[in-house]
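Two complexes, one shared chain (chain A), two partners (chain B, chain C).
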Partner chain A sequence: MDSLRRSWLGILGIASLLAAAACAFDPRARTLLRDPPAPDEILLAAATVHPGPLLWIDARSATEFANGHIPESIPLTLDDWDSQIVELLARWQPGMRVIVYCDDRACGSSRSVAEKLRREYQFDDVLILHGGWSAWKKSQPIPQPR
Partner chain B sequence: MSRPAATVLPLRLAALALVAALPAAAALKWDSLEAAVQVRAEETAANTSFKFVNAGDKPITITGIHPGCGCTIPSLAKNTYAPGERGELRILFEPRNREGLYRTSITVATDDAATSTLQFVADIEPLVSFDTRFVFWKPGEARTPKHMRLTFAEGHPASIAELTSSDTRFAVSFTPVGESGREFDIEVVPPAEVINYTVITIRALIGDAKAERVFNVVARTLPAASAGQQPPKS
Partner chain C sequence: MKTLDWLLRLALAGVFICAAILKIANPAAFHAAILTYRALPESLVPVLALWLPWVELCTGIALLWSNHRRAALWIVAALNIVFLAALAQAAWRGLDVVCGCFGRPASVRGAGYLEYLARDLAFLLVAAWLLRREPSSRQAERARND
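The block that comes next holds the complex of A and B.
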């Protein structure tokens, strides 16, 4: 019985060591440990495999949007809200996921936009892209200006 | 006891290299790197400033000012300042759709290759709140009237001067709620068959000064569900 317990403890120990090594050597794991997504954020990898329809919202400035953005995304900033919100509402359908992004993880404008959509427009599936435009750009070596 | 030249020279070179590697001290000295403003509900803008002095021994030119948002509009009386001269970076803040505590930064670059990052904080009292700013009718749903409730901040009684609908087939009207003069019910009656949306513009007059403010809400009759956007491939 003791030898069985020792075997299981050994396996558990080896598995823990392997997991720790994976975290130590995999840069993605290290990044996630240092900078985990907030509860209302979604990782790009999860966003791109979402099975349902979604709307990408770009909360950056008009200049940044003009220089490049996620395909099909809609610009929406607090500065130009009244003129830009109409396009979003004209394209939105019940059950659609809305993902808001701005520059990077330190950018607060995507959170402000997401909060306003939840509070004033009763959208219940609004998430923020963790890492924002920087994360998307890293995944696309040659972003196409539009 | 003196050190041999062979030891002293490398030490001096290392010290020189260390000094060269350190960033040059910025000549522009700010009285404070932070500024805060309070914006009352009825206000549409607020002013503040960051004061500075050229603490260097040469004239300095401000070569770039980069606000973190379009809501902070910077201005300077001039760009170049003599040694010892004081100046002021004025900031006009327009909250637009912001409310509550809002933070942003402003980066200032000078021709001595230094940059300063200034922190700006605004505490914005919300003027109005809506229970929702969007009503819609799903396909097949009865086209009965829907309502939105608009409430002005306490101490800010208002009246609605005009309510217009961009698609006049959507009938819109408003009714004051209670005696406070701060709450209004907006009713929208959609057309029987049409699939479209309308932007409802509310022109309100605030307080004794009757300051005009405009708010938009949207009503939409939805088409049968479409595929929507697909996630971009990364």
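The block that comes next holds the complex of A and C.
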């Protein structure tokens, strides 16, 4: 029994040491530990593996949207709400998850848009993309020069 | 019979090592998958997402190491009981989850749960079979002395 216990402790101990080393040297692991998403936020990795239909909402300015956005996302800002909400309502279907993003963690427009959708339109599955557009851009492969 | 034991052990080790490497390569995706089970406090999920793959890796390697085989088989059995419980509670609550089993996101819902429950049950039965066939440390010591 003693040797069995020693083996268990050995396997779990080495695994824990390796995990700690990974946390020390792997920046992705450190990000997970230091910067966990808020309850109404979703990590990009979680969003991309969501099994159901998704609707991306871009809460940045029209210029920023024109310069680049997540494919198939819809622009929606508080300033142009009335004209832009039409497209969202046309594309939204029951059971669809809505993910709002703005520039990065520090911007608040995605939160304002998400709150308005929840409060005034009774959308119950509205989340904010953790890290926003910056997180999306970071996840994309860097284009190679030809 | 010894060949069958050896093949089963090799297969089990292969599954655990592959699953671990794929999860270690993408900790955010595994983190996102665990979140979909809604079974743990969110603050614990990053720790589990970073620690569990290393436990799987060390267990997989230990399965191939005669001195630690028995302990590794107990860990395999325990892990599969945990995986079965996680899947069963998610199926019971009607959740759409992401398996996260082999790094690659695979959505699980409705009848799809049966396949994953059956697979984990099969791994559990293989581990139980090998544990029955594996001599205990006392028996192994006696055999060595004889």
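Everything below uses one rule, namely that the second predicted complex is superposed on the first by the 134 of 146 C-alpha atoms of A that agree within 3 Å, B and C clash if a C-alpha of one lies under 4 Å from a C-alpha of the other, contacts with A are read in each partner's own complex, and residues count from 1 in each chain.
Following the convention adopted for this analysis, a residue touches a chain if its C-beta (ideal position, glycine included) is under 8 Å from a C-beta of that chain, and two chains touch if they have at least 3 such contacts.
Since this is a predicted model, take the numbers as computed values, not measurements.
In the three-chain model built by superposing on chain A, chain B and chain C fit together without any clash.
Geometry note, superposition on chain A: angle between chain B and chain C about the Cα centre of chain A is 160 degrees, to the nearest 10.
Of the two partner chains placed around the shared chain by superposition, chain B and chain C are both touched by A:49. When the two structures are aligned on the shared chain, A:81 is found in touch with chain B, with no touch to chain C.
Contacts of A:90 after superposition on the shared chain: chain B is touched, whereas chain C is not.
In the superposed model, A:112 lies in contact with chain B only, and not with chain C. Closest contact between chain B and chain C, by C-alpha atoms in the overlaid model: 12 Å. Put simply, chain A uses residues 44-45, 47-50, 52 to touch chain B in one complex and chain C in the other.
The residues of chain A lying in touch with chain C in their complex are 1-4, 7-8, 10-12, 14-16, 18-19, 22-23, 26, 28-29, 31-33, 36-37, 39, 43-52. Interface residues of chain A facing chain B in the complex, by the touch rule stated above, are 44-45, 47-50, 52-56, 61, 70-72, 77-79, 81-82, 85-86, 89-91, 93-96, 108-109, 112, 116, 120-122, 136, 139-140.
Of all the residues in chain B, the ones that touch chain A in their complex are 69-71, 96-98, 102-103, 130, 132-134, 136, 138, 197, 199, 216, 218, 220, 222, 225-234. Residues 24, 26-29, 31-33, 35-36, 42-43, 45-47, 49-51, 53-55, 57-59, 62, 67-68, 70-72, 74-75, 96-98, 105, 107-109, 137 of chain C are the ones touching chain A in the complex.
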